[in-house]
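Have a look at the structure below, then the notes.
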């Protein structure tokens, strides 16, 4: 986790700007012998691809990923895997206004202040387009996890749009792929659709909350103190564009609980493994997985690129107004769902490898 | 951020168990020539020290810190600084029950499952006692920051206990040191005191929300993508014992905002520097500091060690009940305040050094 | 320095196989605002390019480098720089024999044993072709160093081929670019030419010693203990294909010296800076640069791909003989010269940034 | 490998100065469940301890190591192991002269120039005393390796003192522990004893070459490119005080070999594993172990602290002479033998864990 690299052992370095010739991810430390081919990665990229409904940006990006290295005859060799996505829709529009003033809520001003130079085309490196590379790399991680942790399932979905929350009593996992919001509550999705139409027409945008769950993870992944599984997940999710908060299990709600209310009591399951009366811990105790579902939520702020004029300053320090024209996501949280899943996959695989290094995968027996 | 080490350039490795002979922190990468002496660190440790009010554990730990290396004639030499705190209150009580069964909400079960061995005395490495070493190391970071970022102020305080929230309209920074809860709202503190007395007598505990603010930080610290300042803060705070959520600026509330409501509009200040109409961003855009206050909040779950019996299992897999006797914090969030400040100091100094390495501290001019 | 990544702050991850579609380097942590364009990198790649004399492989590789990211209008932006070199000469020859048995002296057998899979085409990842990516990345480092350490000069040359040593009394830096061996001793170069012709005709190969010198480096780069400048250089040079030894200053010869003979006595130079009576230390004391020339030497073993049959085993464990046909370098040390220079540049820039982080570039005054 | 930390997964951070209250090593990432107690570490420290013959410094240092954390009931818990050695012989002599001028060949001048401050007492952090902490940490690594790689043997010995080389035809491993030079050639040891007596009486010192061999290491440890096993060994050995060169296998001599002479031809051994006709490669091909003996040599320069006056400068820039009084090693190479062994252990364990992480310990079958 250093500048553009994520992970300790399964290390992903993303590179590339929104409007440069290409972007991608350099994946180092991948276990050898894992079946890997471009369609396996394209599958995940297609889920993130814009322009799939009227609720995401109408930019056309095919986001075709190529594997340039690290495989031989359809299997990983253990050497670096270079994933490249060429930018096909680099519309050579005039970006003079963006270059001359700072869009509120964007990284324009901070990149400028830090580096004294910035690539204004489409936000350059700070564009959410970088997350395409994460999804591609996450696809590699998923392929490896399929070998190493059979039974693991990673599922992301939206649980809140603005003030409108999905109803957990109505959750049906089968619904997630049936609406444009990855929402497991079909009736919430219908309400959100209407709400988002209104916002979109008003040139406005809205925030969202995403939940990502990993089921089937064995106990024992993670580490004490700074290598905690939850600390890794927090960094991973907070590193996604526009994310402002990360919760594990009960999350902020844990502050409202009493000790008796919060305790996940422990029993023996019929399969001879511990089971818990509840999962306020979100599947993690002391930074180490319990074997329960690992549950992470994160809040995505509303897209800062909106059609309503906002006050700002120019590079020269003059006060002015700006309207961010272009094709933007009214709820960027929608497309954050596959990204959150990808980050979960990256964290879990990295932690799996760290654990295998230190313990050899041995586990303390219970019962 | 790897197992027991925090930081990229200012690297802190904490070590030691709750009931071993000593614990401490090995601090590497400290800039040379900084004035440093034990009383400067003791100052911060004394704030975290237990037994200061009836609302924290009555364990007696003097937590006296010694500097074993890395200074000469009262100044840092640029070589590793070893900070050691001897454990004086290692009451040799019988820990047989804890060793034989797993306390719900504690890391007992996950340490056992991962390592196949655990030090049951006082929670061993998973004890909140490890945070004493963080506070000591944070003291070193503060001494360095005093030289490198004059004007920087780091302030932590409690904003919520259970469902009881402090009222921001009543915030008075001077109150923070005047009540046992580090609460800037005196009237909230009074209510909390009563509430916590009830919980303590009932053998129960309660969660809390802590806010840590850094004022006077220059723009330009942090980095894009995985080295984001907010990603670093998220990992830092989530690594603290019992923390279940981290928020930056508007935090989870950002999900409820519209694009117009969320935008921090930009103006020119009279000092020739940008100022903002609001700070939903929490002082960070695109992972890089804006020069506004950096605002982080985190939720601390209620202490899992409570006097009310909880159901659990033994090492042998038998179901049983457990009561965690001993001297515990009814609201462990109280003592998390100095720890959150320490983590903020560690993150900011590390990011300062990373930025100085890459940019030399140069900044893009505005106006 | 972890698998395929080199460096702490200026981090280079190389990727790609000899006969894949492309190879390259992902450069992270580059300072912003540095002038950078493809011809600046191509300059160094052309020096390494094969087929320039009859003493290097006759493979045709144009080694054209493209910058895919990290620059805007000819300057670095501080974001990752992706350097890609497409492989144009992927002759689709039959590699069945290489795939079925292990070439002695090559990594064939160890890659197989470690990974259980290997890309046999041209040696795959273990091919010396990977060094093209290092040279490209080294070109970026040189561009940055030109800004940060004006006056720094990095020069590599060959000082020994087989048992034939160049004569230091005849060294003329101007000669280095005038012969195919980068030899500063013109008469040695003439003798080597004859010797190498004989070896080449006999289908044999020969080892070499390369020396790389950095002049104009300020005192104070490096760090104590494991971050020593010489430890970094040792790892850097030893990581180059076929290198079997690394020397700093007097090198192995230091073992033969007495304390009086080895001491580099110190005087004050007329420029008010320390100067030394000699440089047995190779410009490094206690892991930190003295301001003298940094002098590194490394030994390159003879190319293992030779036309004379060698005994080996097959994948199935049968004993056999192998002749490595193809277009090989009779003295692979020749092409290691630009690679050694590139590694020197990578180490020095990384150390410069590390030092700037910790000390801010301040220096203790003398006199 | 960053400042004072060595290793990727088995991470050792040494700390402490020659004349401070204590020094030690913080060991993170240790596998759990390994039997470990202080006498196991003391065994190795006693081999390095000064004052054991008239050929090493007469300083009295008991070098008693304490384990402050990371074990429970005699076994490692997987948490950080703190090893502390108190400095008992901090003779409070006047170090004014050393503080005021720079000893040639020492790090005095570079520490001063880099940091603007240095601890002059006994060389402070640059003292060879730091290697005691390495030996202690190496002892932990050996304990782990005994579990993970049964049959591994690490043996260090001196092969050259000044110009006097041991005769490989006379090597008898049993001799190593029988003379004060760890020399496997008894007759060489006798000659060296006489030679060193003369040097010592003359107030002079001498360099040496140490060889460290690891037998019984499985094939497959190490990694391509920058994670090469030999690159790690080079950094490890070069990080030892006074080391100026590192060789693997044929080392510098590889430069003199032809391709036919250098090839280690491969056969099938009777045990069904590959064997090699020779070991010019030093047990490493392409950065990965072959299963042969891993052979490393390093040159140690003569002690710079000698009784003959050397010319130098003062802090104020005046030219002067200095004589380094005190109790010094006439051949510091002698005490480097246990240190080289310790570094070999650290590298091998770290590489074992890295390999286990990536490949799970699987191996490609031959035959």
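Order of writing sets the labels: A, B, C and D. Residues in every chain begin at 1.
Heads up, the rule we're going with is that a residue touches a chain if its C-beta (ideal position, glycine included) is under 8 Å from a C-beta of that chain, and two chains touch if they have at least 3 such contacts.
Everything numeric here is computed off the predicted structure, so don't read it as measured data.
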item: Chains contacting each of chain B and chain D, listed by label; value: A, C
item: Far-end chain from chain A, centres as C-alpha averages; value: D
item: Chain centre separation in whole Å, for chain C relative to chain A (CA means); value: 39
item: Between chain A and chain D, centroid-to-centroid distance (C-alpha), Å; value: 45
item: Intercentroid distance (Cα basis), chain D paired with chain C, Å; value: 26
item: Residues of chain A touching at least two other chains; value: 2-5, 14, 29, 32-33, 78-79, 114-118, 125, 224, 359, 362
item: Chain B residues touching chain C - in the complex, by the definition given at the top; value: 9, 29-33, 78-79, 224, 353-354, 356-362
item: Interface residues, chain D side, partner chain B - complex; value: 2-5, 11, 13-17, 20-24, 26, 28-29, 32-33, 66, 68-70, 72, 75-82, 114-119, 124-125
item: Residue ranges of chain A touching chain B (in the complex, touch as defined); value: 1-6, 8, 14, 102, 104-107, 109-118, 125-126, 130, 160-163, 199, 204-209, 219-228, 230-239, 241, 244-268, 272, 274, 277, 280-282, 284-291, 299-306, 308, 310-313, 315-319, 333, 355, 359, 362-367
